[in-house]
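In what follows, chain A forms one complex with chain B and a second complex with chain C.
Showing the complex of A and B:
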């Protein structure tokens, strides 16, 4: 049996590698996005107008421009500029930084709203109990904000897995979508290979949703009567 | 007992404004250690603002507030020093909803006082028993009635072993059938010898709790004195009218 006769036409290993790359890009960009989101939300809630203004500029610009455009800008403008100074950046690093920067804008908004949803009395109770600001942040604000934010953060994560395929247009990454389209073109079995790609994303989504639901129940355990 | 050893709380010509309107106007008041002052008056009189100024939840613009000899400023050190021995019970309880009853009562002693876990929990258990909530330490606030939540909030404040306890309308957010249990709990604390300042509309409770009644209207202290005197022989028209309206209630 030649490789071409197998159901995946010998592309099985490449597809798995592509799936792993997609997951890797998603996870890394989401981690970076969370960092940008934390900083962004802190800036948006800051006391100083100029800091709030900068954060507003960030979220407005990033959410206004198409993600693909931002990824292309990162590669052909930013990375190229940086390399002129003799700093070599791996394409993977550029990709996850760019995607993380985009997700950070959305995470900023979700976290900001989640913090604002905490009643003012929580702060007053913490102050009256003489909790230190850091204790207040970690023990009172963070757990309650996370519960408010979970739905939004879950959505952004699902978008992150799909946005990870944006890098396939750059031609240097063999993510699951890229491998599928190569396999489809080579075998002329377009429907089949694009369906395989779709199934991969669906699998990621289903697993993610299960995990998010578990986390939601854990964070909501105090609120079930 | 008006002769007090040392003042626990002193207001000296304190004023506070929101924009142009005065919320507190030239308040001068001294509450002695161990005194139990009940602040009453019509809504909008500035009662809650007054009590919230004592631990710096609200800032005053003029005058001086001293709590146990420490002058209240906006500086973090002054606030920390004062809040270290001033507990507060809020109208809407303000329990931490994601923490169990026991965690609510131990988070501040463990982090702000550095108490070891076992000691903080033993203290919390003892005080939960005192507010008649034994064995409910692992419940979450959402699983308790309003009255139970407020009693947990009282225990939480007591866990910091405050010398002064502030109660800001502790029964106003409660269903009528739960008011009494919370009032009884508060009256039951008098043997701890704490200085207490309580804003309330419950006049029979005020009579039982207070060693001193402070009647406020429009941001000023109109009259102050022992509750028996004020209730039975109010000097000012405004207090007479206020008490008359309360008695007219069904």
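Showing the complex of A and C:
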């Protein structure tokens, strides 16, 4: 049997590599998004109005601009400008930063709401107990906020895996969707190869949903819900 | 190459503005379609019988679990091999099948339906069970229970979520620019390839989307407050 007769027409290895690239991009962009989100939430809850204003501008802009447009702006505007100064940034880094910037705005909102859900009395109690601010943040705020935020963070992760497919439009990444498109165009089996791409993303979604559910039970174990 | 405001105002914004109706048509038509299809799907998601619930759940999972881009490609490139060729060439649908707009609209509608249905279901779930029982005790038919008791309350409850979803829908219309539909981003890309100037078309498109989303938020705000006045 020649490679052309096999169900995947010899594209199997490339598809697996593409899937790995998609996962890498998702994970890295989510990690950077968490960083942006932490900074954003801290800025939104800050005492200074100008800092809150900047964070508000960030989340508003990201929510108003289409994701694909933001990715294109990052590649053709920002990365090109940076390169004029002689700094070479890898396409992977640009993609991950752009997608992370997008996830970060949504994570900002989720974290802000999660922190605000913690009753005020706890802060007063912490002050009464003379806890240091850092201890209060790590031992009181973080564990509870994480539990509140988990649902929202899980949804944003699912979006991050799906948004990772946007990089296929740029034509410089062989992610799972791009490989599927190439295979589909070469073999004329469009339905099959796009179904394969869809199945890959669906598999990521299903595995993620199971893991988030487990984590939810783990974090909620003290609450008997 | 420096950024030229002159080119942005004279060469980029006028064609982008003529593409705004395409983006708005895609958004409004798919919002309308998904509102219509979303109701039966929401009822399916909330159904007690498995044979009604499972198909709805599988549909919602497929649409929400895969990227919109995959769905758009699947419909644009794949529909041709699923439909009989003769029918595609000679039927009432032939003119539509030659125009990528309808593929984009179909993909957007099918995708959005799943999201709308999940939101509607959460609204329906919030209505106390007793109301359905009261309606059936009064002898109301299923249809009038739905249109006069359940949907008005569900829509009231989930309006902010639907408004938010509408903005997400507007933003996801840009993905159809990948199948040669000249919406705002598609037009910006066309200018990019024709003039080899990158900055102004992308900045212009960003401006147009910010204004569009701002306008929608501005329209929805008072409606939302009006709906909340009795809460």
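Please note the rule applied: the second predicted complex is superposed on the first by the 224 of 225 C-alpha atoms of A that agree within 3 Å, B and C clash if a C-alpha of one lies under 4 Å from a C-alpha of the other, contacts with A are read in each partner's own complex, and residues count from 1 in each chain.
Methods note: a contact is a pair of C-beta atoms (placed from the backbone, for glycine too) under 8 Å apart; a residue touches a chain by one contact, two chains touch by 3 or more.
Keep in mind that what you see is a predicted model, and the values were worked out from it rather than measured.
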item: Touched partner set for A:144, first chain B, second chain C, both or neither; value: first
item: First (chain B), second (chain C), both or neither touched by A:184; value: second
item: More chain A residues in contact - chain B or chain C; value: C
item: Partner chain(s) touched by A:211 [first = chain B, second = chain C, both, neither]; value: neither
item: Chain B versus chain C as contact partner of A:198, first or second or both or neither; value: second
item: Partner chain(s) touched by A:165 [first = chain B, second = chain C, both, neither]; value: second
item: Partner chain in contact with A:6 - chain B first, chain C second, else both or neither; value: neither
item: Touching partner for A:65 - first (chain B), second (chain C), both, neither; value: second
item: Which of chain B and chain C A:121 touches, first, second, both or neither; value: first
item: Common ground on chain A, meaning residues reached by chain C in one complex and by chain B in the other; value: none
item: List of chain B residues in touch with chain A within their complex; value: 55-57, 79-80, 83-84, 86-88, 90, 92-100, 107-108, 111-112, 140-143, 156-157, 160, 166
item: In the complex, chain C residues that touch chain A; value: 61-62, 64-71, 73-74, 77-78, 80-82, 167, 171-175, 177-178, 185, 192, 198-199, 202-203, 205-206, 209-210, 213-214
item: Residue ranges of chain A in contact with chain B within the complex; value: 119, 121-122, 124-125, 127-132, 135, 139-140, 143-144, 147, 219, 221-225
item: Touch list for chain A against partner chain C, complex; value: 61, 63-69, 72-73, 76-77, 80, 158, 162-163, 165-166, 168-169, 177, 180-181, 184, 188-191, 194-195, 197-198, 201-202, 205-206
